[in-house]
C-alpha cells in the first residue's frame, strides 16, 4: 500500500481547524481528502472529538466505501462524501459542518442570494439548496442519497465555480482542491450566510447583485484573468 | 456514610463547565447529580461563583431535600431538581441555566420546533414549554411546583428521548445519564435554539422536518439501531 | 484631606472591568464611586484608555463638581453622575456605558419589558427610558440635564429596586451600593436586553411576566425575605 | 528616496489590527497611509495574510499607482485608495474591510441613520451609501470607479466630519488623519452598524436623533469647542 501519511496529516489538520474556526462543537463535522491516483479517501472517524484526533486515527476507505486502513469506523457521512468524489471529478477535499448561519438558511430551505461582493469573491451565484429527501430516500441509503440530491441539484451548476451546497433541513457541504480549501470555503460560507441574514432583516426584498459585478469579483480572484493576490 | 467523592467531583466539574461553555454568568445556573442506590443528590451551593467552586463545597441532600453533608445552603432550585429525580427514574444528572437563546424561546413561550437534523440528532421532537405557573403555585412552594409543571408537561413524552424542557418565562432545564451529559444537552439546546431563531427570522412559517428524517437522525445516534460513533 | 486610596482603587478596578466584560471599546464608559461622609466622588478621567488606567489617575471631585485631587479632567459625564448621587441618596457607585444591546433599546426609545425571571431576579419591573432631552436642555448644561431626566423618570420608581435607566437615544446608566455592583448591574442589564430583543423577535406581542412571578424572583434575592445565596 | 520606515511600520501595524479587532478574516481588508510631502502611498500587498505581514512587505506607490518600492503587488483596491487621497486632501490613512455589520447595511443599500449618541460622537450624520456602479463602470477601471462613486456621494459632505462611506453591494471604507485612525473609525462604524440593526429590529420606524443632540455630541469631541478628553 502506498504511504498516505501526508494525506492523513492534511485531513487531520483540516478537521481540527473546524473547531479552531468555531464551525463545530463536539464532533459535529467532518473533513475528507482524496488521493485521485489510487482512489483512496481519508476521512474523520465517527464521533471522535477534535481534541483527540491524530493522523493515525484518520480512516482510509476506497471509493466503494470499504475500509482500507484504520481501526475506527469512518464518519457516518462517508457515503455522502463518496458520491461527491465520484461525480465532482476534480475536487480534492470535502467538508461538512452544522455551522450556525449556513444551517439557518438550510433549515429555512432558502438559497443564499448573492447580495454582495464578499459572496461574489468566492461563490459564482446563489448558494443552492437541495430538495428535501423523499421518504424512501431517507429510510434506506440515507447518506448516499444525500450526496445524490446534492449532485442532482448541480445538474446545471459547475462545482468549481460553486464549491458549496446547503442540504435542506440539514446543513452545508463545501469542497475544494484539497481538504484545507474545503474548510476555508466553509468558513467563508458561514460569513456570507451571516451577512445575508442581516441584509434580509434590513431589506426583505434585497436584490442579488448584477451579473457584471458578480463576474468582476469572481473572475478577479479565479481563472485565467485573475489579478487578485501575488503572481506565482 | 458512603464516600461521595466521585459524585461531588463530577458535579463540581459539570458546574464549572457551565461557565467555560458560556452558558452562565455570575452564579446563574446549577448542576446536580444523583447516587440512585442511596438516594443522595449532590448539588451546587446557592449563589457561589464557579471560580470559587470546589468539590467539598458541593452540598449533599436526600430526596426529601434534607441536607446530609455540606456547610453551605444548596441551590435555591434544589426542590425543582428533586421533583425531576423522583419522576424521571433513570436520569443521573440535571442542569439549569439562563442561557441566552434557550431563554429567549422560554420567555416567548414558544416550543422550539424541530427544524433540522442538528435538533433531531439530540432531541426527539419539539422542545416542550411548560404552562406558566398559576398564581398560587408561585406564591407557595414555587421551586417544587416548577418541577411539577415540567413533569406534567411530560405526561406523554419520554424523558430519555427528550432530555430538555423550557420553563415558561424562565429558562431551560436539561438532564442526562450523568451530570456531564446534562450539561452537554444544555450546550446543544443552546445551539439548536440559536439556529431555530435564525431560521424563523428567515421564514416565520418554517416547518418541522418529516417524521422519517427525525427518526433517521435520532435513531442513528440513540438506541439499539444506532450506527453513529464507535462500537464499544 | 482623608485618604481615598481604597475608593480610588475600587473605582479603577470597576472601570477596568467594563472592558473585561465587553461592555466598552476605547474609552466609551465610566464608573464612579462616592464617599458619603465627605461627599467626595471618585470618577474616571475623560478619554483615558482602560489599559492605561491606574488608581492615581482617578479624579476626585466634590458634589458641586469641583476637582479636589487629580491632574486629569474628570469624565465629561461627571455632571450626570453628580445629579444621581444628589437625588439617589443611598447609592454608592454609578456606571455608564454604550453596551450594544442596552443601547439598541435606548435608541429605539423602548423600555425593556420584564419578560422573564432573569430580568425579575435583578430589576423590579420594566427598565425605564427617559424622555428625549428638549432642545434647550441639550444646548446648555447637557450632562446635568441628562441626570435630571433620569431622576424625573424615577418620580414614582425606587432606585434601589430599579438600579438602571436607559437615556433615550443614548444608552444605559446603572448604579449600586458600590462601584463593583454598579458594573455588575450593567453586565446583567446587557444580558437582559439581549434576551429581550430575541424574545420580541420571536413574539412581538410578548407579555410581561405576572406580578406574582416578579415578586417571587425579585424578593427571593432582595430584601428581608431573600433566601437565595448564603446567610451572612 | 526618503526613508519611509515609519510610514511602513504604521501601515503594517494598522493592517494587523484589522485582524485583532475581528474586522477581517483571511486577507479581506487593507489599510494604507500617505506621506503628503512626497505623494507616496504605503499599502498592504494583495492577498497576503495578516499573520505574515511585516513592514518590508508593505508596498510603496505614487499617486498615479506606479510601484516605487516593494517586491509584491499592491492591494487590488489600490486605485480606490488613490482616488480618495486625490480628492480628500487632508486625510492621512484609509481602511477597507468587509466587516459583518457594516457590510449588511452596504448590501441592503441603506444608509445608517444616526440613531444615537454613539454614532453622533464619531460621524456627523447618516453614514452615506454610494450609488450602485453602472455596468460600464464595473467592466473597466472598476476599482478607480469605486473611488469616484464615493467621492461623488461626498459632493455635499465634509470628509472630515464623515470619515466613512458604504459602497453599495460591497462594504465600508473609512479614513482618518493616519492609518491607525482609519482603522479605529472602522471599528467604531462596525459597532454603530450593529447597534443600528438591533434598533431598527426593535422599531423599523426609528427616527434619527435631533440636530441639537447630533451637534452636542459631535462637537463635544471634535473641533475648537471640544471638551471631551484631556487638554493637550
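Each chain gets a letter, A, B, C and D, in the order it is written, and its residues are counted from 1.
Definition applied: a contact is a pair of C-beta atoms (placed from the backbone, for glycine too) under 8 Å apart; a residue touches a chain by one contact, two chains touch by 3 or more.
Bear in mind the structure is a predicted one, so any value in this text is a computation, not a measurement.
The two sequence copies chain A and chain D touch through a face in which the numbers common to both fall below half of the numbers used overall.
Farthest from chain B in terms of Cα centroid separation is D. Separation between the centroids of chain A and chain B, computed from CA atoms only, is 33 Å. Centroid to centroid, with C-alpha atoms defining each point, chain A and chain C lie 47 Å apart.
Counting partner chains per residue, chain B shows two or more touched chains at residues 201.
Contact between chains, using the touch rule, shows up for A-B, A-D, B-C, C-D. Note for the complex: chain D touches chain A at residues 25-26, 28, 45-48, 72-73, 76, 98, 100-101, 103-110, 132-133, 135, 138-139, 142, 169-171, 197, 200-201.
The part of chain C that touches chain B in the complex is made up of residues 115-118, 184, 187-188, 191, 194-196, 198-199, 201-203, 206, 209-210, 212-213, 216, 220, 227-231.
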